[in-house]
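In the two assemblies presented below, subunit A is common to both, partnered first by subunit B and then by subunit C.
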Partner chain A sequence: MSLQQTKNCITLRGSAQIICEYLKFSINSVLFQRGLYPPETFKAENQYGITLLLSEDPQIKSFLTNLLTQSEEWILDKKVKKLSLIILNVANKEVLECWDFNIQYEDGDTALSKEKNEMVGSKDLKKIQQEIRDVMLQVAATISYLPLLDCRCSFDVLVHAKTDCDIPEKWAEAQPVAIANAQNVQLKSFSTSLHKMETVVSYKLAD
Partner chain B sequence: MINREYKLNVSQYKKMAKESDMSLYSDVLEPFRRVINTEPPKDKLSASTNLNFSDSTQSIKEGLSNLLTFGKRKSSIGSVDDVTPDKRLRRDSSGNGTTAPPSPWETKRLKIDLIAAKAQITKLESRVNHQHTIRKEMQILFEEEKASLIEQHKRDERAVSDMEDRLQLIRRREQELKDEFNTAAKEHKDLKANWDKEKTDLHKQIADLKDKLLEANVSNKDQISEMKKDMDELLQALEGAQSEVEMLKKELVKQTSRAEQCTQLKNQLEKQNFEFQQVTSKLKELEYERDSYKDWQTQSKTAQKRLCNMAELEKEVTRLRANERSLRDAICNKLLLEEQVHQLTSRVEALQPVQLELHEAKVKLSSVESQLESWMSAARAHGVESAGALRDALESALGAQITATADSTQAQSALAHLTEEVATLKYERDKATGKLNDLTTVRKNQESLIHRLQKRLLLVTRERDSYRQQLDCYEKELTVTLCGEEGAGSVALLSARVQQLEKSLQGYRDLIAAHDPHAHSKALESLRNEVTRWREEAEGARRDVTKLRTQRDLLTASLERIGPQTKVLHLTNNPAAEAQKQISKELEAAQEEIKKLKVALREGGAQADPEELQQMRQQLENSRIKLKRMKEEFTSSAQEYRDVCYMLLGYKIDRTGHKNYRISNMYAESSEEYLTFTLCDDGIEMVHTDYSETLGDLLDLHLHQHQSIPLFLSALTMELFTKTTIQHAIE
Partner chain C sequence: MSQFNYLNEINSLATMDGPITRGPLQRWAKKGCNENINPSLSNSFKNHSNINISSCNQSLQKLSISANQSCNNSALSNNKTPTRNENKKGKKTPSKTKSPGHSTTPTPNKASKTPNKADRFIPSRSNSNYDLCHYMLSRDDDKSEETPQTAAGEAIGRALNDTEPGRLLQYTCKAPAAPEGYQNRLRVVYSQTKVPSSVKCNTRYIPQAPDRILDAPEILDDYYLNLVDWSASNILAVALGNSVYLWNAGTGQIEQLLTLEGAETVCSVGWVQGGGSHLAVGTSMATVELWDCEKIKRLRVMDGHSGRVGSLAWNMYIVSSGARDGHIVHHDVRQRDHAVANIHGHTQEICGLKWSPDGRYLASGGNDNLLNIWPIAQGQHYSQPQHILSFNQHLAAVKGLAWCPWSAGILASGGGTADRTIRLWNISTGSNLNTVDTKSQVCSIVWSTHYKELISGHGYAHNQLIIWKYPTMSRVAELSGHMARVLHLALSPDGTTVLSAGADETLRLWKCFMLDPSKKKEPTDAKAAKSLLNLNSLIR
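Let's look at the complex of A and B:
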């Protein structure tokens, strides 16, 4: 972890990196838990004190690195409001599930920021990781109540950015998605004292 | 370059030399300088100016400037040598001036000295300046020189490094070359060794070859001598053969002459044969003529005999004619008779049905008679003798029957009537039972009511009793109070009253308990009502929830639209898009395949794969040819096998039908002589034939005694062979 930390001092970039790392692991975890890709393409990795699974599929890997490097820049510029991981039926493009990752920007430790002449937070890294672990465990537990995905599914990640944000190469504007008759479940949130991450899963309520 | 360096060195050396000179001077001047340093400001000023000046210049040049100043000082020292004591004197005098004023000569002299000194000072200063300028120029020159030299040095260094690199390169190359050389030398050595080896081998080979050559020469010589011997022999043989040939030629000539004679004889013989044949044909013709002549003779003889018998014949003719007439009459009669027969047969045919009818009538008659008999007997049994009496009896019986039937109809109607009545009665009974049931239920209700009322009554009576008791106790109280308020009985009274009150309380409680079930049922009902009400409410609430949810969705959607404006961005090559692309591709591919397959289906499976078909045909043709060849091979080998069997064993074996074999011997006299065998489960059996019956002895001996078919067969061949040979011998 390339976190610049001296006496619990988290810089803006370090915080953005934590957020992006969380996004990487949570997206992979969802892909594994929801059975979008065969389980043998995932490799176990120890992170946040628990075993998490990362996809070995080169396509998914490249997609996520592209997504997260760009997202990190946007988070640094405070241009992203939320990221939505949508799971849709390939046959009819119907959105079956939506994982919203809401990002809120916080002030951090103002006194320390003034001292350092830079926006910094002073939260303990271990505490942040503890919070993230709780969220990851909740994500893993969602499988007990989320409906079964019994069709060929794929996923996409939509970035809800501010309107003044430029569209970089390889990116395009998409339509916002909405799930009719949706059930929302708010998972635990965590904060790096600079960014607060709320995870919400909404799914189509079974008739 | 070296030249320049040398120059530089020279100049440096010069400088050094100067410096050393200067140091010498400075050593000399050291005491004076001490004096000057201790001395007052004038000299100090100059020194200070000099020092200042030197300070402004570069530190490296400091020494040089100092030297210059020393030089100057030295020069000045030389000139001022004798002045300084004066000065000291003057100072001393100036220090003492207040005490003794100087004389005019002295002053004049002093003035002159002063002027001279001043002039000298100015001169010296100008010189100093000049020296300075020179020094500066020198300095500049030196610096330029130095810079150039440094550059030169750098270049040299670079060149040196380049050279070193090159040297290293060369060394490396040299090393490589050495290595190469070594390897080459090694190779050379190896090759040399190899070549030496090869050479020795080759030498050995050469020696071997030479030996071989020698051996070959020797053997050749031997062979040649042998061959020569052979040739001589052959030549001798040839000569013998030639002589023989000559002899044979002579013989040939003789033989040819003989042959000519033979051919002449042959021709003569042929001619004779031809003549002989002609003669024989003529003879045959003549014989034929003779035979026909003999026939004619016999015929003429018979004709003569017939002529002799003419009269008899005429008699016979008449007799035969009469015969003929009689026969013709007979024929006429026969025709008539035939006609009659025909008529009769037709009649018979016509009469046959009549006869049948007659038979039937006879049968009927017999049956009727039997019936009549039965009737008669029946009548007799009833005591009626005549037909009329029978009729009367019958009529009376019929009348009786009629009346009976009328009676029966009446009875039936009465029965129907009765059944109707029964049905109505049944209906009424059912009604009555229904009423009875109703009444019983009513009675039960009444009973329950009565029971309840009785309970009520009981309660009411109890109540009444309690009231009465109360009344009594009130009365008692009243009496007590009226009797006077003596405290003695008051406590007992009160206790009694308390007891009474407790009793009444108990009664109330009982009452309440009695009333309880009623209330309970009521409560239950109310609760049920409540439950239904709540259920309805829940239903309503659920409906509300669904409504609210849809509303919430709408509102969230609108909120997202209205709220903080955001752009939704995503990567163009996201997994979902790729998956969709893949699916569409798969779909297209599948559709194309379907089209292809459909087209193929329409064209027909046979045309779909002409190459394969061609291949298959070729294969079929090949296999046919193979089969044919195999058959040919089989037949030929079978034939060969049969021939070999025939030649070796002397029997020709033919298969005639299933498990039947016919064998005929090589020495058999005719094709009729054959034996037949059949293959059984437990061996082979001989079947009797015409030929086998003629071989009784052999059969007895070999089959019945020895029980060996091969022995029998070989014995037969032996016998036949001996027979044929004997025949030949006889011939």
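Let's look at the complex of A and C:
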């Protein structure tokens, strides 16, 4: 009994929070690393043992907060399969880059779940953060091969939800996007033992 | 025993066409093993695009061949090149020495398109979805059992289910676009291009190598300072760390003028006009020192700033100094109360300061990305406290400033790393005559006195000097050799040689404005001597 109590326990909500926190930092990281917005609008913050940059722009902040609180609910209900961060050219609305965050739902620790009567995972938080850090470093490294975004850019996030998902206020259905002549690069994935997050970047191959 | 081992080894080595017994598995064999356990999914599939699906189908066919083949091979593992397929009988691979692994590469039949119409088929691994294809293939084979057993199969199955219609949602309150006029800072790193020589319009011979290289140990690698100046009497003043050295370009003699104490450094040097021996020295102690270089003697120390003095400009007996505090102070070197005017010119450090040759305008460039033009005060030799023009077109600190020596009111200015442009201005009209993106930080600009050209010193990535034709701003030549950015430029008094001071601690002399020997050159010797006399009489 005492042995089980010391065991690490991650609830479904906690796992969803980890996922959304990852999304927040990775989206901000992409915005900064890809040079979408002026670097002076970002603030450094220490997270996962590395320094990451978060946008200070009030509009971007509120957009991401709204997006991620809603997404967290959906992730809890297993309604979301994927979030796509798309980078658009402001001038012609062309999609230049797409960052896919695939969410897979996992079973967690079945034995512990039975005991606690709710779905829980038992993965060590340190281990999860270590995995996330590895992904973050990869995100930062992508600028070495991703093509230069030499135009005014904007971004948007599309949520790939299940059909039975309700559309809340201020949300709308979107058209799927496609990148012509796309190249995909899969980054490392991490898992909270309840959710598995895969990060994929697809970009337009230079002509 | 050992001798048998040895013999065996020799035998196996001598057998050229036998199966490889040692060493790593062949690729085809490895593939055969891996095919079933590789859980990773190619990502292109998840894009739901039609193109990808079709490419899947294509590769499906290919794979069906290769899968069969790999089974055969693993079973046989002999030296015979296996036959491809029933419909291609009789077509053996010509060379027997080829490893069986090669032969598993499927050759498409005539109907299928070969990319680029080449004679070989090179499969694109990124486009073909091996895992998915294998899954589809194996599912077709054993349709009776619906559920895939392996973890990989399960993963792929999930990926396949992914194609089921879902909702794509977006939050309608969009994030704002990047601010107007914002440029990706990565542009600086990734858009470095060397201009092909065909673009350059070269009408005369310009030596591509420096004429001389001098050592400049401990020269400060600081964009905001102005550490070299070449006097009309052919003496070059260079500030290295906390010292100022004088190099006589005629005789090659070197003299040390001064050394500051402690950690203080020299931030700027400026010769008096007309070939006098007076040198103004701006220091990190926020003072301007005036030195007589003939007697190696300090004449006076002038204060008035609260930050280091990074730029100096002379106009007759007035020395104007620009400092880190953003102030321009005009010092009358003759008067006891030297500070005749103190102007709050910029909000940040002033790094470029130049009087026009006719002494009517002072141009100042600052780290606040502004270029200000100050008119001369009535009846004086210092400027008015209010600028007549202020240009904000540069996107970075404006350090490179140079007035055209032959055309009044023409000014060239260059911006720092984030800007990289050289702009030509007509001060009389306030118009921007020309703008050119140099693709590199502009550290310094100097006009030629012999040609209708100007030369600029640059930083990352090529650390080169570029000669530009005026007014078209077409490239005449690029001079490279510096291993680090070219911080400062100075033109020799005869106008033929350009000195560049690099952060690589070298001074290089480029004879890039040499006159054509056929042309007569007896230009301004008499005139220069005259003006020299005039000026000397003005300075006490």
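The definition used in the following text is that the second predicted complex is superposed on the first by the 201 of 207 C-alpha atoms of A that agree within 3 Å, B and C clash if a C-alpha of one lies under 4 Å from a C-alpha of the other, contacts with A are read in each partner's own complex, and residues count from 1 in each chain.
One rule holds in what follows: contacts are C-beta pairs under 8 Å (C-beta built on N, C-alpha and C of every residue); 3 or more make two chains touch, one makes a residue touch a chain.
Quick caveat: nothing in here was measured; it's all calculated off a predicted structure.
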Legend entry - Partner chain(s) touched by A:K93 [first = subunit B, second = subunit C, both, neither]: first
Inset, instruction - Check whether A:A140 is in contact with subunit B, with subunit C, with both or with neither, and answer first, second, both or neither. - result: neither
Inset, instruction - May I ask you to decide whether A:A178 touches subunit B, subunit C, both, or neither, giving the answer as first, second, both or neither? - result: both
Inset, instruction - Applying the touch criterion given at the start, work out whether A:F63 contacts subunit B, subunit C, both or neither, answering first, second, both or neither. - result: both
Legend entry - Contacts of A:K162 with subunit B and subunit C, given as first, second, both or neither: both
Inset, instruction - Could you say whether A:L76 touches subunit B, subunit C, both of them, or neither, answering first, second, both or neither? - result: neither
Inset, instruction - Check whether subunit B or subunit C contacts more residues of subunit A in the superposed model. - result: C
Inset, instruction - For A:L112, select first, second, both or neither according to whether it touches subunit B, subunit C, the two together, or no partner. - result: neither
Inset, instruction - Touching subunit B in one complex and subunit C in the other: list those residues of subunit A. - result: 59-60, 63, 66-67, 81, 90, 152, 154-163, 165, 167, 170-176, 178, 182
Inset, instruction - Please give the residue numbers of subunit A that touch subunit B in the complex, ascending. - result: 59-60, 63, 66-67, 81, 86, 88, 90-91, 93, 152, 154-163, 165, 167, 170-176, 178, 180-182
Legend entry - Touching residues on subunit B, where the partner in the complex is subunit A: 549-550, 553, 556-557, 560, 564-580, 583
Legend entry - subunit C-facing residues of subunit A, complex: 34-39, 57, 59-60, 62-64, 66-67, 70, 81-82, 90, 100, 102, 104, 143, 148-150, 152-163, 165, 167, 170-176, 178, 182-186, 200, 202
Legend entry - Of subunit C, residues touching subunit A in the complex: 40, 42-44, 46-49, 126, 158, 162, 165-180, 182, 184-187, 190-191
